[in-house]
Amino acid sequence: MKAAATLLAVATAALLPVAFPGQPYMLQLATLTLCGIVPAIGLNLLFGYTGLVSLGHMGFAGVGGYAAALLMKQAGWPFLPALGSGALLAGAVGLLVGIPCLRLRSHFFIIVTLAVGLILSTLFTNLDWLTGGAEGLPGIPRPRPLAIGGVRIVLATPIGFYWVALAVTLGALLLQWAVVRSPFGSALAAIRQDETMAAARGVDVFAHKLAVFALSAGIAGAGGALQASFLRVAAPASFDLAASINLVAVVIIGGPGYLAGPVLGSIVFVALPEALRAAAQARLFVFGAVLVLLALFAPRGLLGLGTRLLRRHAAS
Amino acid sequence: MRYAYLAVATALLAPAPGFSQAPKPVVLGIVTAQTGPLAAAGRFQMNGFAMALDALNRDGGIEIAGQRRPVALKVYDTHCSPAEGASAMERLASVDRAAMVLGELCSPAVAAETPVAQDNSVPFVITVPTAENLTLSGNPWVFRVNADNNQLNQALGRYVVEKGLAPLAFIAWNNDAGRGGVRSMEALLGASAKVAYTGYFNVGEVDFSAHVSNIRRAGARSVMLFMDEEPGALAIRQLRDAGLGVQLIGTLAMGSARFLARLDAKYLAGMMQYNAFPPSAPQPRIRAFDDQYRARFKEESHGFAAQSYDALMLAADALHRAGTTTDGEAVRKALAATSYDGVIGHIAFDAHGQAAPPVYVTQWCDDGTRKIIFPAELASACGGG
Amino acid sequence: MAFPAMAFPAMAVIAQAVNGIMMGAVYALFAVGMVLVFGVMRVLNFAHGAVFMAGGYLCWFAMAHVSPIYPVALLFSTAGGAAIGLVLERLVFRRLRENLSMQIVASLGLILMAQNGVLLLFGADALQIEAPSLRRVLRLGELGFTVQHLVILAAVAVAVASLHVFLSRSRLGIAMRAASQDIQAARVVGIAPDRVFAITFALSGALAALGGALLGPLFLVFPGMGDLPLLKGLTAIVLGGMGSVWGAVLGGLAIGLLEAEATLFAPTDYRDLVVFAALIATLLLRPRGLFGTAIRGEP
């Protein structure tokens, strides 16, 4: 039943641009949403499933984004190897950061992740020779056409790139699902509930935290690479503190610890500000007010709210 | 958005020609910053667009293929975000069917917007960002009305060398405008002038004491400020209050009455700045624009406004010559063939879509007025810069 | 990045120490307000910077429309900050006490509302508080600083000292300190926890707004003026151990000094990087900050 529903959702998402042709703006927003879902999945594994907040996660996305951008632009690599290398590098940086920082507890850890994010975004701005500095790194290519047998699929067009983004997003969702269902995922859940208890049950708490931190940074890096190729520019503004805080809000509002949380959160964060363009200059004020209301009335995120309402409905 | 309503209202009030249906407005797109750290600069840009919009609609709009059609602007805030810039550009091109898109303030946002403009065959006219590479990406849909970093710095750089103002120190915003300005100036000066110190500060940072100490230590003779008027006023106050008698060199935002109001004449005397638009210059076109601007916005005109005004006017001119608003390629070709005498000077685009409007160096006099000191043939007395 | 290699710059070090202590005092004031709320309610109010910014605007408004006397404007801003604190606590943070995630989301929403709200109300141009007497420059040999530098130091000293007396002597203050150990302990002194929370937030808001009103005349008043103090204030409370008022004060001063002196020895665009790297290094050596002890509810 659940599998059928998922399959239906995936098929719908894939066929959306074919069913509603001539909507390039909606396609643009849909692709942007996908680019936001991927790093949110990374953070959801860390925060939603393990209970560790990172306020600097878009910094890791930036590592992946810039790395993939440079590999494609300067070294002429194809998209997928560049994206994979960007994700690996982001994961490696996550590993290096995690080794010292994960020893810290609760709020100390949160502020250190903030500091790490700020350090990374400072480097994106300051290392002009590598990153193009504050002006950003423009002219990042879209994926090359894919040739399967005699068929040639163009991936650089809006629809083509939408499918690329959808494939990457589905890959990340699948990975999230696999991790959560695995024994590794159960250990993470145990850590989230009670670290001391998990340790007593024989879970190597530090190793698990480190692994999920690196994995989460790696997924964020893949998201950054996807976004840079989509926007065709890597810029500090895409990976700064504000972007990191937005990412945390995406995960929280969607519903941390739900498989589909990042999807819903990213839709809210891309669609709502665009829909609010009608409010002109008051747009971001209204968006802020919506966030405050969500914080007050959906304490477990939208999916948490939905589940609660469903349960109440079922009970009555 | 407010301006869009304004345009629609103007269109409704215009007398309907005969019994025929009212002509469909020509929609032009604007990308700008209405929120975030560059909201103040965005306001100057919007003021210029609003003036041009009224000037066009007062005459019934643009004559396209024999029919006068009113102009309507669609304005979207991108607040320097590449993602929002790309979305706004897509929306303007495919939903609002804008015949052309103008504006923007930040280089990274432009870099995300230009490929979308190309995908949709919509010409994009940049009116403020100065990074040189924006018109060098080989994208034929991109045009820039304003001077780029190299054009702006050239005259001033020569001046620094000639007058022996080195060693030079920089204080610059740690953003695209500041870092780009420093990079371009350093490249232009090469070995001909020594750079003693380069200091960067984040947008929103207000304490320049560190730079003051470092500049004193480095023994710089002149200090070049790559930033907007707000931090510029703070930086100059802090430099002078600390007793540093260096030659001050600034950007176009600092040759303005608003800048003077933030400081006072004694802080500014002798300071020079590059300027793409000296608001008190005696040239009739600048006087006429400045008078009109003052009457409407109750303050001195601003270069960003003049550049944006010219961009919208020459966009109308290109649409008129193209005779179409829907054939992007025809509009692009007409735009590329532009030869337009604007407020900022003569505007024609080179093969990259870059214009080369005049650039001035102005200097503050002791009495709080300004004079033009470069180019020599346009040099003016105090009060004319 | 050209950088002069020179003898030890003694004068510059002293000048930067003065500036560093002044900015550090502002960070300290900011951090104290945050740490009070964190200590008593376990709430991390990231919107504290927005209250700081509101203090700057309140001060500008008071100087322009209420009274041109600066101390009156300071009181006006401080009282306004307390009112904002009360409203925030009652409407938002009281309901989010146990929910760190939603504290982050609500703070983000409040920051967007505040920054874009003042943009709509006051326009995009940075405002300048006209107070020429505060801008007067005092000279001490090669050193030059303004009267406002001294006003800031004095005001922060008075604010922190009064806070100390309040926390150690008054019944309410003792209740607050008791609450930071154990929320039910406040009842022992006969004060309902809800009242303690309200007072804490009012106090915190007052301190933030005072900070904005102090920095405003020296620099400018604009929507993003609370962003950098927020980052530095967070760093300060973490350095100070996330639990003690004095830790936050010393943390703030340490950051002010460090960032001011760092600019003499490292490129200025790496200044914040130096501060945050120092924070990480400190925490690696002392995982609970410089003055931290174990936090309630933690192993």
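By written order: A, B and C. Residues from 1 in each chain.
Note that a residue touches a chain if its C-beta (ideal position, glycine included) is under 8 Å from a C-beta of that chain, and two chains touch if they have at least 3 such contacts.
This structure is a prediction, so every number in the text was calculated from the model and none was measured.
S.K.: Which chains sit in contact with both members of the pair chain A and chain B?
M.R.: C
S.K.: Going by the touch criterion at the top, tell me which pair is linked by more C-beta contacts: A-C or B-C.
M.R.: A-C
S.K.: What chain is the most remote from chain C, judged by the mean position of CA atoms in each chain?
M.R.: Centre of mass proxy via C-alpha means gives B as farthest from chain C.
S.K.: Using mean CA coordinates as chain centres, what's the chain B-chain C distance in Å?
M.R.: 37
S.K.: Between chain A and chain C, what's the gap in Å when you average each chain's C-alpha atoms?
M.R.: Distance between chain centres: 32 Å.
S.K.: By the touch rule stated above, which residues of chain A touch at least two different other chains?
M.R.: In chain A, the residues touching two or more other chains are 125-126, 281, 283-284.
S.K.: Where in chain B do residues touch at least two different other chains?
M.R.: If we look for residues of chain B contacting two or more partner chains, we find 34-35, 174, 200.
S.K.: Among the residues of chain C, pick out those that touch two or more other chains and give their numbers.
M.R.: 115-116, 119, 267, 269, 272, in rising order.
S.K.: Quick one: in the complex, what on chain C touches chain B?
M.R.: 1-4, 6, 9, 12, 15-16, 19, 23, 115-116, 119, 123-126, 128, 135, 137, 139, 142, 144, 146, 215, 218-220, 222-225, 227-228, 260, 263-264, 267-269, 271-272
S.K.: So in the complex, the part of chain C that touches chain A is made up of which residues?
M.R.: 38, 44, 46, 92, 95-96, 99-106, 108-117, 119-120, 231, 234-235, 238, 242, 267, 269-270, 272-273, 276-277, 279-280, 283-284, 287-289, 295, 298-299
S.K.: Touching residues of chain B toward chain C in the complex: what are they?
M.R.: Listed in rising order, the residues of chain B that touch chain C are 34-35, 37, 39-40, 42-43, 174, 195-207, 209-214, 216-219, 230, 234, 237, 241-243, 262.
S.K.: Touching chain A in the complex: which residues of chain B?
M.R.: Touching chain A: residues 1-2, 34-35, 75-77, 80-84, 86-87, 90-91, 93-95, 106-109, 111-112, 115-116, 119-120, 131, 133-134, 137, 174-176, 178-180, 183, 200 of chain B.
S.K.: Taking the touch rule as given, give the residues of chain A at its contact with chain B in the complex, in rising order.
M.R.: Interface residues on chain A, with respect to chain B: 23-25, 28-29, 32, 35, 125-126, 128, 133-136, 138-139, 158, 227, 231-233, 235-238, 273-274, 277-278, 280-281, 283-284.
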